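Got some structures for you, see below.
In the two assemblies presented below, chain A is common to both, partnered first by chain B and then by chain C.
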Partner chain A sequence: MTSTLKGITIKGSAELVAEFFSFGINSILYQRGIYPPETFTRVTNYGMSLQLTTDTKLKTYLTDVVAQLKDWLFECTVQKLVLVITCLETNEVLERWQFDIECDKSAKETSAPREKSIKAIQDEIRSVIRQITATVTFLPLLETPCAFDLLVYTDKDLAVPDKWEESGPQIIAQSEEVRLRSFTTSIHKVNSMVAYKKTDSA
Partner chain B sequence: MAEGGDVEWELSKENIQPLRRGRDISALHQALSLQQDGFSSTINQQRQAFESELRMYDGDDPLDVWDRYIKWTEQTIPQGGKESNLSTLLEQVVTRFTDEKKYHNDPRYVDLCIKFAENCPEPLDIYRYMQAQGIGVTQASLYIAWSEEYENQGNCRKADLVYQEGFKKCAEPHDKLLQFHKALQARVSRQVMMDVEEDDSDDEPKQKERISLADLRHRGKKKAIAPIIRTGPAIRSISGGLQPRSAPVLGNATNSRLVVFDENKAESAGPSEPIFESWSAPPTARAKENERRPEKWCDVKMPQKSKFGHTVMAPPPVKPTFQPFVEESDQPPTMTPCKINPAVNTVLSTRKLCREETPLKRLQEHNQQQKEAESGKLQEQSMYCKELLLSGATEFCFEELRAERFFKRMAQESQEVRGHEGQASTSDAN
Partner chain C sequence: MDLEDDTTVFTTLKSFNSFISRPEHPKRLSEPPAGSGNLQTQYKRSMELLDAAERVQSKNRYLQLDQEKKQMEMSHKRARFELERAASDSARDLEHEVDRNQELLGRIKKLEDREMEAAKNLSEKVEANRALRKNQEGLHKKLEERDLKLNTANQTISCLKDEIRDLKQKIQNQDSTISTQTLENQELQEQLDLQRRKYQEVSQLCQSLQSAQSSCSEHIIKIKELERRLAIQEQDISIVKIVKSEVARVPDLEKELKRLRDDNAFLRESRENCSLLKEEVEGLRRKLERMEKTKEEMVNIELEKERLAEKLQAWENLGQSTGLNIRKPEDLSREVIQIQQREIALKEQNYTLNSCVRSVERSQSELRAELTQQRNKTLEEQKKREMQDSLVRRLQKRVLLLTKERDGMRAILESYDSELAPNEYAPQLNRRLREAEDILLKTQNHNAEMEAQLTKAQEETGTLKLRLQTVELELESVKKQQQQASIAGSNSSVTKEEVSILRQKIEDLEAERQRLEEQNNILEMRLERHNLQGDYDPVKTRVLHIKVNPITVAKQQRQQEEEALREEVTRLRELVRSLQDGGALVHSQDDASLHSSSLSLSLPPSKEVLDLRKQMESAELRNQRLKEVFQKKIQEFRTVCYVLTGYQIDITTQNQYRLSSVYAEHMDDSLIFKKGSNGSMQLMETEFSKTLGQMVELHLHHQKSIPAFLSAVTLDLFSRQTTQEGRS
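Take a look at the complex of A and B:
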């Protein structure tokens, strides 16, 4: 991380955003019960306690994804990260967490740090994660065992790395969409949203 | 910061009851903004509309109105509670259609019955009642809810038996039943495995943690009181997808040596079909030990012993010979404050329910009455449309019904008139 507390460079920004995704994905997996709660351990970050997985396979998978994501963030070639929750039996998409990433590509040319303190950014990140936790108030109960998948939208000209494959958008047909808070490092801006299957009451 | 759309739901997240099916976010926003202006008249108007629709409906699917009304209530009054009238409504709808054979295996009715059961202090009784009456016996959702209740109470054997019964009855959809049964088996086997692991690593006491999103086992039989200590045995289940119930069991290393007698388990080791007794007659009131009927205490006198050993009653309190001083300004209020909200428009106050009376009991009483009426034994007969007045969550008066009919007729007539006018104008054009 950059030694200065006042400004932020594109490298630091990429790191911060990648770190957010690591914690954010872990939070969602824990909150939505995709993995059993006893496979999570509590850590304190952003001034709040967060759950991190201890499942080794999942951990390596997430570390790989986040490392790759960090590169893409640094190059400003990533547009979206989507976490899809599907029913294990029917493969039906039940929930779709979408994080739109807006990169300020001009930051690549100029190496001068931007004026935004890490504390301010982390405060914003904290409120996003808080909101993810609070979504249980309206999300439907996931009644069946579920699996998750991560989709990353990048610029078109990018070569697909090993271990990654092309995929469809996996959109929910009749969905209810709720925008969550967003945060910005002044270089990367992340808008969050969750979509879920519409209730049949309407 | 608040650019992430409407954040109102986050500000009142504690006052929103999670629903199994999730919430309609626009309805939620609407409900929350309405509530900020006080319990607004819009909600009351809509409720009134539903209430009158309940009474005026003359199609061949009266359950539909109820179904919509209850779903509306759930979505519009997110905090639930007494204000929502939800439990009253559920009880009404279950009682109302309990004799209608055509609804017995209607998924909507079965779902409503299950919701009703979940609202009751003892859901298992309701499920048994449903089975005895033949309500939902071919619906997978009954067996799933029933089994989940057993599982929450920690009786996995019976939870499994319920599924067996469901398979025997060929409940539909079969896939769903199968899937949930598999999930139960997975959870149970996982729990067993965890227990074995726990025995191995008994030495290090694990730190008990409060688990988020866990259902707590409530204390007290009638009133559900959340326990103060919210770890270990106080946790009933964790809601959510894959989560097994075993985590909290891990918690207490010191207690694990203690073998606790579980009467449910012991019972289930005996005859394997204890669940399915029939419920033709209402159960007799349970004999409760150590329970005294409430009575007035100020009149009760302790028998006092005199010097000579036999009891004498205390002398009655003598009336004071002086006039107690009363301040002049301290006059009792001449009028009781008006508590009735004119917008709500309840004609009479609702009857306070007796504590002893459970919803199931009322349901069975209703059944009993119905049978008596059929056999001509009923002495009481109302000579007015009692059904219509009392059928919703609120009570109607005759005038309201009359007005409703009147408005309907007016609307019809005005439509006819308009129709005539339309015809007239077309004929003019010709």
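Take a look at the complex of A and C:
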């Protein structure tokens, strides 16, 4: 952490948010059973126990995405991060975990740290992850084998990196949306929400 | 001895003869097999006898020579006898052969029967084979159906696997909770045990305490009782003391009583006096109060008197100053009435003035209307005047033009007159001139008319202007009046109307604003919803993702798997086809496994096949066990039969039974029985049976009892063995 105990800089904020995404995506993948639970290990962060994948392919993929995301967060060019869960049999999008990112672009020019302690931010992050864990109770069961993808909504004027390409928004045709908690580092504000396909019975 | 010798000689002779006659009768050699067992002894004997015979021969050389002839005859006879015997033997053989022939014929018949049966069996088998083929085809169909079901089952299995995974997860969670709960439970049980122990201790303590309490309460009761008694006694003591002191005080008290009675009488008298005095005092006080009141009233009255005197003085002064005869209140009232009357008159004036004002206002409004009319009129007049001015100007211009024309004409005419002879064109010109003069006159008339009209109009306008000015003046005056009369007036009503109109407008605008706000809200909500659903503005935003993401990887994997499965399916289809072509290959699993191995793919045997295999194995096992058991039982049975009856019974060929006795002298000695087609047993001839001709004759031919025959044989053999044993 580059930030001091009292304030937070844009770099520190980007790192905190990227770390949150790493843990958040891992817990969604664990909770939704996209990968088998035995491929996860327990770690403790934010004062709570979290699940981290041990699948090497998945690990490298996530580190790639999060590293790139950190750069973009630092440049304040990212608007959204979306985790899409797709059914492999029908290629239908079943769930969309959307994290809206509001960047305070003025923080880019002024290097002065903001007044917000890391502990307060981590408390907010913890409550968001708790809520993600709790959403399993109302989300419909994923009955078919599924895979996930991470979409990043960026500014239009951004140069596309080598490994990346443009994609569609992967919108669910008939969806129910649930807003989750949000947290802010006072530079980046992350609003989280989940949209899922309406089941026929509902 | 001699006799024995003789017999030996005879036997030797006989043997010698037989030896000599052997080449002639080879059959006889095998005939006496019964004596072959004693050859050794016989040989020894014969050797001894030969010595003797040499001696005898030497003695009886001659006898022998004599006897030779006899012997020759004898041998001749013997030969004949022998021949006869051979004939009988051959006859018997023939019979035997005939029997065998019959037997063989029977056997042939049986074989034919069997062949017939075999043919039947064959046809049945063929039918069975067809049925089996049909069954096999049915099984093929079933197999295909099973395959389909298997596919669906695989799908369901995958679904179930997912479910299992979920359930496992749940189970893990629950296991962990259960373990924690069991731990807690153990802790709690330990605590419970501790508590129980404590409880027991406490209950023991309680019991001891209760016993102690009960004893204690008894003690307390006793103590209380004792205390109560003590208190009663103390009370008694105090009562006794008091009574004693009272008794001592009685004479003093009597004296005091007397004194007090006296005092009492005196005090009653003094009290009566005192009440009288009090009444007097009260009366005096009341008098005093009344006096004080009257005094205060007197002061007040004096003050009032002074004031009234002052007032009177003032009135008197007023009367003097005003010069009226207000010496008395009547004068004043009269004056007041006069003033009131004056006031009424003034009020009436005021009313009349108000009505005047109103009428003036009315006239003012009328005048205003008139004024507007007048203004309109003036405007019209002005317009008319302007028109007429313009008309006048036009006419003047025309007049000028006409005068110029006329001048031009005149000049032309003059020039004509001067240039040409007046006679030639005179009439024409005169006519023209006259015409022109007429026109001129007309125009002049018209002009004059117009001028008259103009003057008229000017006059009119002048009058109108005058009127206007007067009206304006009036208006000004009226306005002034109006301002004086009511500053607001009609203007306010106008403004009110305007205000109301403006208010209406404002309300409308407000309503519209609210509507627009609602619309805006709805649109914002929609935008929010779209945003939530992940919509974005393609102008500002671009959506990116890593090329090699888990979805594409998973899809590729899935495709590969699908292809592999498809290949497998085609392979399996080929396999099934080959199996169908192979026909009866289904039941031979070796072939199937060969096929599968040749296709480098292990065909998982269906459950049915496995079941059948298992059943078969178990059946085989059972068969094996049964066989073992049967063999054991048969062996047991045979040994038991052997031990009990003394015969070992073997089945040599079908329907033939060989019996060998326990007591047989030789291993090969055995009897063979054959079971006939009607179930009867027949003894077959053997080497051994031949020696038993007597018994056969007696027991079989006469008594027709095989058991008796067998028993007789047993007994005979047994006796023989025992005798031999006894002899040896």
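Heads up, the rule we're going with is that the second predicted complex is superposed on the first by the 199 of 202 C-alpha atoms of A that agree within 3 Å, B and C clash if a C-alpha of one lies under 4 Å from a C-alpha of the other, contacts with A are read in each partner's own complex, and residues count from 1 in each chain.
As a convention for this text, contacts are C-beta pairs under 8 Å (C-beta built on N, C-alpha and C of every residue); 3 or more make two chains touch, one makes a residue touch a chain.
These numbers come from a predicted model, not from an experiment.
> After the match on chain A, would you call chain B and chain C a fit or a clash?
Because the two structures are overlaid on the shared chain, the partners are seen to clash.
> Could you tell me if A:Q79 is touching chain B, chain C, both of them or neither one (first, second, both, neither)?
So A:Q79 only meets chain C here.
> For A:R96 in the superposed arrangement: first (chain B), second (chain C), both or neither?
Second partner only.
> Considering only touches as defined above, state whether A:P37 meets chain B (first), chain C (second), both or neither.
In the superposition, A:P37 touches chain B and chain C alike.
> Using the superposition on chain A described above, determine whether A:E143 touches chain B (first), chain C (second), both, or neither.
both
> Per the contact definition in the header, classify A:S167: touching chain B only (first), chain C only (second), both, or neither.
After superposition on chain A, A:S167 lies in contact with chain C alone.
> Quick one: is A:L58 in contact with chain B, with chain C, with both, or with neither? Answer first, second, both or neither.
Second partner only, chain C.
> With chain B in view, single out which of the stretches 26-34, 170-178 or 692-700 of chain C clashes with it after superposition.
170-178
> Jot down the residues of chain A that show up as touching in both complexes, chain B in one and chain C in the other.
33, 36-37, 141, 143-145, 177, 179
> What part of chain B is in contact with chain A in the complex they form?
Interface residues on the chain B side: 1-7, 9-10, 13, 16, 18-25, 27-28, 71-72, 74-75, 179-180, 183, 186, 209, 211-213, 238-244, 246-247, 250.
> Given the complex with chain A, which residues does chain C contribute to the contact?
Within the complex, chain C touches chain A at residues 158-159, 162, 165-166, 168-169, 172, 529, 531-536, 539-551, 553-555, 558.
> List the residues on chain A that touch chain C in their complex, please.
Residues in contact with chain C: 33, 36-37, 57-58, 61, 64-65, 79-80, 82, 84, 86, 88, 91, 96, 98, 100, 141, 143-145, 147-156, 158, 160, 163-172, 175, 177, 179, 193, 195.
> For the complex, which residues does chain A have touching chain B?
Listed in rising order, the residues are 31-38, 42, 89, 124, 127, 130-131, 134, 136-146, 176-182, 191-192, 196-202.
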